[in-house]
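Next, two complexes with subunit A in common: one pairs it with subunit B, the other with subunit C.
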Partner chain A sequence: MSGYIIRRVLNYVVLLFIACSFAYLLASSFLNPYSVYFGRQPPVDPDVIENIMRGCNLSHEVSLWERYTTWLTKIFTEWDWGCSPLRVSVNEQIGVRMWVSLRLVLIGTLGGVIVGVLVGAWTATRQYRVSDRVYTGLSLLVICTPSFVLGIVLQILAIKANDAMGVRFFEFVGEKGVVGDYPLAELVDRLQHLLLPTIVLVLLTAASLSRIQRNLMLDSLGADYVRTARAKGLPKSQAVMKHALRTALIPTGTYVAFTVATMFTGATYTERVFSFPGMGQYAVQTILAMDVNGIAATTAFAGVCVVCGAILSDIVVAILDPRVRLG
Partner chain B sequence: MDIMELDLLPIEDADQAPKRIGRARLTLRRFLRNKLAVFGLCGIVLLILIAIFGPMLTGWSFDDRDKLSPLKPPNSSHWLGTTQVGRDMLALTLRGMSRSLIIGFAAATLSTLLSSVVGTASAYFGGWVERVLLWITDLMLVIPTMLIIGVLMRGGVSGDLAWVLLALLLGLFGWMTTGRVVRSLTLSLKNREYVLAAKYMGLPAWRIILRHILPNISSLMIVDLTLGVGYAVLGETGLSFLGLGVQAPDVSLGTLISEGAVLVPTYNWVFLAPSVVLVFLVFCINSVGDGVRDALDPSSQSGGVVGGKPRRGKGREDVPAKGTGLPGGIGQAGGATTMSEDNTPQGGAQ
Partner chain C sequence: MSLLSVRDLNVTFPSEAGDVLAVRGISFDLERGRTMALVGESGSGKSVTSLAIMGLHPDLVTISGSITLDGEELLGKSDAEMSKIRGNRIAMVFQDPLSALTPVYPVGNQIVETILIHNPGTTKRDAWNRAVELLTIVGIPDAAERARAFPFEFSGGMRQRVMIAMAMANQPDIIIADEPTTALDVTIQAQVLEVLQRAQAETGAAMILITHDLGVVAGYADEVTVMYAGRPVEQGTIGDVFYHPAMPYTIGLLGTVPRLDHKSGDPLPMLEGNPPDVVHLPPGCPFVPRCPMAAPQCEQVEPELTAVGEGHTAACVRLSDVVGRAHTEIFRPPPLERTSLAAVPRADRDTVLELAGLHKHFPLLKGALYRRQVGVVKAVDGIDLDVKVGETLGLVGESGSGKSTTLLEILELLKPQRGRIMVLGRDTAALTKAERRAMRKDVQVVFQDPMAAVDPRMPVFDIIAEPLQEFGWKKAEVEARVFELLGLVGLRPEHADRFPQHFSGGQRQRIGIARALALSPSVLVLDEPVSALDVSIQAGVINLLEALQHKLHLSYVIVAHDLAVIRHISDRVAVMYLGSIVEIGDVNTVYDTPVHPYTQALISAIPIPDPDVERARQRIVLEGDLPSPSDPPTGCKFSSRCPKLALLAPAQQVQCQAEAPALEQIGEGDHQAACHFAEVLKVF
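Right, the complex of A and B next:
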């Protein structure tokens, strides 16, 4: 198994290298970092701009190939991913934002997974009853709602709730705000800011996952071994939990492993709506700010996430499903 | 046809042969049974009609500016209110909806075409063709597509034609997953007797793919196309929301929502109108997609149970297992194009 994983990782390393190079070359040839300094008051001297661009390895007077090789050498020798046209270090940005995203995504996705699996499994045992239809309708509605619409709707509701309560309980801008001076004030403040974006992520994850889980569960509820379990005298709850749910969890495991990893950059819209300074928002900012180095670094980061997700889901299958043998 | 079905014939009808209907009729019938899917189809048709004929009926054009009434709530002159610069929300929403629809359909068509070409070619030819195509697929799965589309949109055409580029890019970057499914289905088909027979008769490869392989995975392609429209609409509105899609002065549902997002909660209508339309549109597309999938899938239980009162665990028996379980019933590929309407207790409960 370790040989198999090593081979796959090696293949992915090559893919990642090409993906990053592709993103770098594409961004360098399509974007114009100089435009960041256009139209400034007072106007910036072209020589100054040129100097900054040279310092950031973005100058259009240097050939693309030369810039590319400089970029690569810096990464491999100093682990320096360059800086934006405004001279902000990419390493620093990603170093901070990564953990902001991790907090949001991990809580949101794990919460969503738990809710989704439970709701899916539960509705499957009550197929076509009123409760099943209600949850099915609700999850369909959430699936059809883009995350940014969902986020804004929650914002509207939060503002209404804040007004009604007369206290600013729901926070919906940024990651931290004004901290009071009571014990644990900072933690409470952070949690308040995390609350709404987390709800969005939980809803989105739970909605799609509960559909998948319900279908899987329906399949396994009708399976022979569940009937056998019932026939040999197991109570229904035990037959459902031990025999049906357990097999139905295998595909979910792979799906979840993949989602957690890719969600790092997948929470773009939620982060954008709630001005949460995470990786997803960074990806959009780099494009809008013509930040070639930032784009390449984000591509690398997202690529690593996908690769980790793929490998993680392989491992999860191997652990959960006794039939899988990797050679 | 099947012993199972003959057994189930009621005794008084024993002198009548079971009603035989064509595959298309059967699929249509199964689709029509699904009330949600029919609702979705009606919704889409309605939205398309509104997108075409609506602008003729409203008094305002999407680029008109009523300078006297900026940010007015819905009233008799502007049914859905106005934006900051006095543009009519109804006209804007209609325009944005037609943009999103066109982009969605164009992108989904392109990506379905690409996935079927790449998938069938890689499986049928094998060897280095397969290796190269699979490698490209893997590479494109690793690249964050939204980021690349964003970069290309930011550096590419701006203004009125941006939506064409957007549709093109969404199509070009959306085929990978389906391409892999198509490949695995083609792998199971390419050694069938009728494909081999065609091969030994000297048919060129593209003809075999077109005549003998594609028809057998057509149901997957149809489902992919319908669901793909939904994904493409979401992708387009998302990118436009971030400012990386359709460019002003042109509008799409995404740009309208992002315009409304900053005015929330005081001027709700700018956000609400396009959002409601978007959610409704995606809901309709998804329910049609689900309906088509269930109608085409011979092993699906939905054909016989919607509207009925099935007992749990029995649903799967409503359709005699004729297909191989693959979408589209590859079991029928041998030439039998008719099958009888299922007559099991659940199916008959309609």
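Right, the complex of A and C next:
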């Protein structure tokens, strides 16, 4: 078993390496980092630009192969992922943004998972009743709404609410703001900023997950073993919770483990709408900023997330499903 | 006062097409310790009745009438109140043990749960000990250990034992068993029925036994209720119903099943047609379209149950005309035009199919996440047999004994891993690609559900025409041939434009047979051709196969788990165990004088639909499940389960375990068996 896992991880590492190299080579050949200095007033001296580019290992006068090997060597020897054409360190950017994303994504998806599973399971037991139809309608509405629209709508509502209350309760720009001077002020400020983007993520995750969970639950509600549980004398609610839901959670477990990991770079729109300095925002920014090193690094980061997600979901399934654990 | 009393129970499901009147007025009484069988075709309302007693129908189902348990009315009780009764006073065993246990909890925990729900005072430890004790009672070896195992780690028979243990847990007054053995092999069925009986004896419970197997009914029930289209149509003691059936449907049902204990050689009486749609029932007796005795007065009002004798009632307006007639007078078997071949002795007929030393081994892979080979499954391990023209060979044995693999090997027409396959005198290993393709015409197949393999959007015409078109038949010829085939299998020309889903099981099987016959094959391979069909429909298909054989001089190789069907349809039978043939010969010789202990156990496990015969039989119940074909016992493969082994002298036992017996001639006729101590044993 452990031999198997090691082999599998090795496989992933090789794949990751190939993917990042591709990202690096593609970005290097198609992007022009020089362009960020074009059209500046006063104009920047081409020699100065060339120097900067050489310093950042972005110079077009050095062969692609050489740049690639330099890039690799730096990563493997110094864990230095390079810098942007504007000489901002990639390590520093990711080092900070990763945690910003972590807070947002973890709280957002976990909240979404809990809400989604419960709503899905509950609506399944009420199939075709009014409450089921209402939730179905609402979740489809959320699923159909692009996330930035959802974010903007929430912002507008927040402004209205703030105006009505006369206090700036809802924060919707950035990750932190003006901090008051009462105890725990900093934490409160962070939470206030987290609130709206988290709600967006919760809504998005919960909406789609509740549909999946509802269908899984419908399958397992009709399963013979739920009937057996009822025939043993479990009241309906207990049969549903202990037998139907428990079994219907197995596929959800895989899905969630995977989603949480990949959400790090997937919350792009939400982060942009709320000017949240996270990984998703960074991913877009690197492309706009001709940041070859940044692009390669975000690709690597996203790749690691996917691998973690895959491993995590294997583990979750093994925990939830004895057939996999022992079979 | 009866333990359970059901009065005028009606169950109606709402549906888009209109109300489904699934159960219409059933009444019965059940006394402590007694067993009532509920029989009837699929859809007759048996399961719906039992779920109504359990109170397990969803809210939108309308239920009326009365169900009383010890005088206490159950209908109208809330889910919470019913939960106190379910699993405690009334327990249920469901059909499919593969899906009836929750996959994610150990079986012990599932039994403990049953105990704790109804005995909140019990400690977990006591409940666990009780669960282990129950598992021991139902015959799970190493119960203390196995209680921690998950359902997927058990075989089907073992899971059904767990279900029974669960049903017994709280000493219920009533056990309802809905097709408890239908999904199981006959040998396992015999074990499970024995356990069920033990459970009943242990708890003193009354039992409602729902089954389509009249043999099981004959062996276990005290009373019988026959249902048709949601109505009880005949009720009485087991003797009344089996020996003096009064309602034509009961008579038909009993008459159409082939018998295990003798072979008539004549076609089976048929109960043709299908039960009516319970959404739009016409007035009058619902059996009219299928009843040979139907008369105009039958169509006016639906007959009520009327007394035929003491405690014996039947619902038929022509009772006085029906009672006393032999069933063949009512349900006449179709005439059979016998072939001229019948007069030719076996030895003088041409051989159409011959297997010599056929082997098929599969690599055994293990591991859920990544697979590696850990052994070989010897699915077919050296078998020899031959099939003559116009002859039927039956293959029997438990699931996993290699029957289907043998059929597939024949169908592939390739060079086998080891051994030889000869079709019409030609070795399949020596065929060129073109010859092999041409030979496919000669060997065709019929599956259990032949329509599963075809595109459901194809009309019947295209389904039957497909093989013809593949072999380049011209359009006009195809058309003529398809209509000829439709007629041959008893379908009407207008059926050609319809789609498979518009046909009943029996008709679909006819379509499958027509398709298989399209290219005029000489050998037809049939894998469980009638096992998905209700007994009444089954007879028609069996008769058709027989008629076609006589008309077209076909040879059949047929696999069926129903040994009575095999006896009826086959000329010869081969009994397989773990990839080998253990006994082969003329079907009557093998059934009447089986010499191999496995054959004896297999035949002995099949219940006979005749209460007196069935109850007088000594049953040989095999221990345990089929061993893994990747790791068969040494010497005789059957030695790990052989009931005879224990009776032998020590030196003889050593021989069994060391030396694999070869097939040897038994007696004078067509009969061979592979047992060192072959000896005839009467099993009827």
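The rule we apply is simple: the second predicted complex is superposed on the first by the 324 of 327 C-alpha atoms of A that agree within 3 Å, B and C clash if a C-alpha of one lies under 4 Å from a C-alpha of the other, contacts with A are read in each partner's own complex, and residues count from 1 in each chain.
Just so we're on the same page, a residue touches a chain if its C-beta (ideal position, glycine included) is under 8 Å from a C-beta of that chain, and two chains touch if they have at least 3 such contacts.
Computed from a predicted structure; not experimentally measured.
*Asks:* Report for A:D321: first if it touches subunit B alone, second if subunit C alone, otherwise both or neither.
*Replies:* second
*Asks:* When both complexes are superposed, which of subunit B and subunit C contacts more residues belonging to subunit A?
*Replies:* Of subunit B and subunit C, B contacts more residues of subunit A.
*Asks:* Considering only the touch criterion stated at the top, classify A:T298 as touching first (subunit B), second (subunit C), both, or neither.
*Replies:* After superposition on chain A, A:T298 lies in contact with subunit B alone.
*Asks:* For A:V307, select first, second, both or neither according to whether it touches subunit B, subunit C, the two together, or no partner.
*Replies:* first
*Asks:* If we overlay the two complexes on their shared chain A, which of subunit B and subunit C does A:I143 touch? Say first, second, both or neither.
*Replies:* first
*Asks:* Return first, second, both or neither, reflecting whether A:I156 touches subunit B, subunit C, both chains, or no partner chain.
*Replies:* In the superposition, A:I156 contacts subunit B only.
*Asks:* Based on the superposed arrangement, let me know which partner A:R67 touches: subunit B (first), subunit C (second), both, or neither?
*Replies:* In the superposition, A:R67 touches no partner, neither subunit B nor subunit C.
*Asks:* Shared contact residues on subunit A for subunit B and subunit C?
*Replies:* 227
*Asks:* Within their complex, state which residues of subunit B touch subunit A.
*Replies:* 138-139, 141-144, 146-148, 150-152, 154-156, 234, 237-238, 241-244, 257-258, 260-261, 264-265, 268, 271, 275, 278-279, 282-283, 286-287, 305, 309-310, 312-316
*Asks:* Touching subunit C in the complex: which residues of subunit A?
*Replies:* Residues 1, 4, 7, 223-225, 227-236, 242-243, 246-247, 250, 314, 320-324, 326-327 of subunit A touch subunit C in their complex.
*Asks:* State the interface residues of subunit C toward subunit A in the complex, per the touch definition above.
*Replies:* The touching residues are 54, 56, 79-80, 83-88, 91-92, 94, 96, 99-106, 113-114, 117-118, 150, 152-153, 163, 166, 367-370.
*Asks:* Under the stated contact criterion, what part of subunit A meets subunit B in this complex?
*Replies:* Listed in rising order, the residues of subunit A that touch subunit B are 11-12, 15-16, 18-19, 22-23, 26-27, 29-32, 127-128, 140-141, 143-146, 148-149, 152-153, 155-156, 159-160, 218, 221-222, 227, 265, 268-269, 272-273, 283-284, 287-288, 290, 295, 298-299, 302-303, 306-307.
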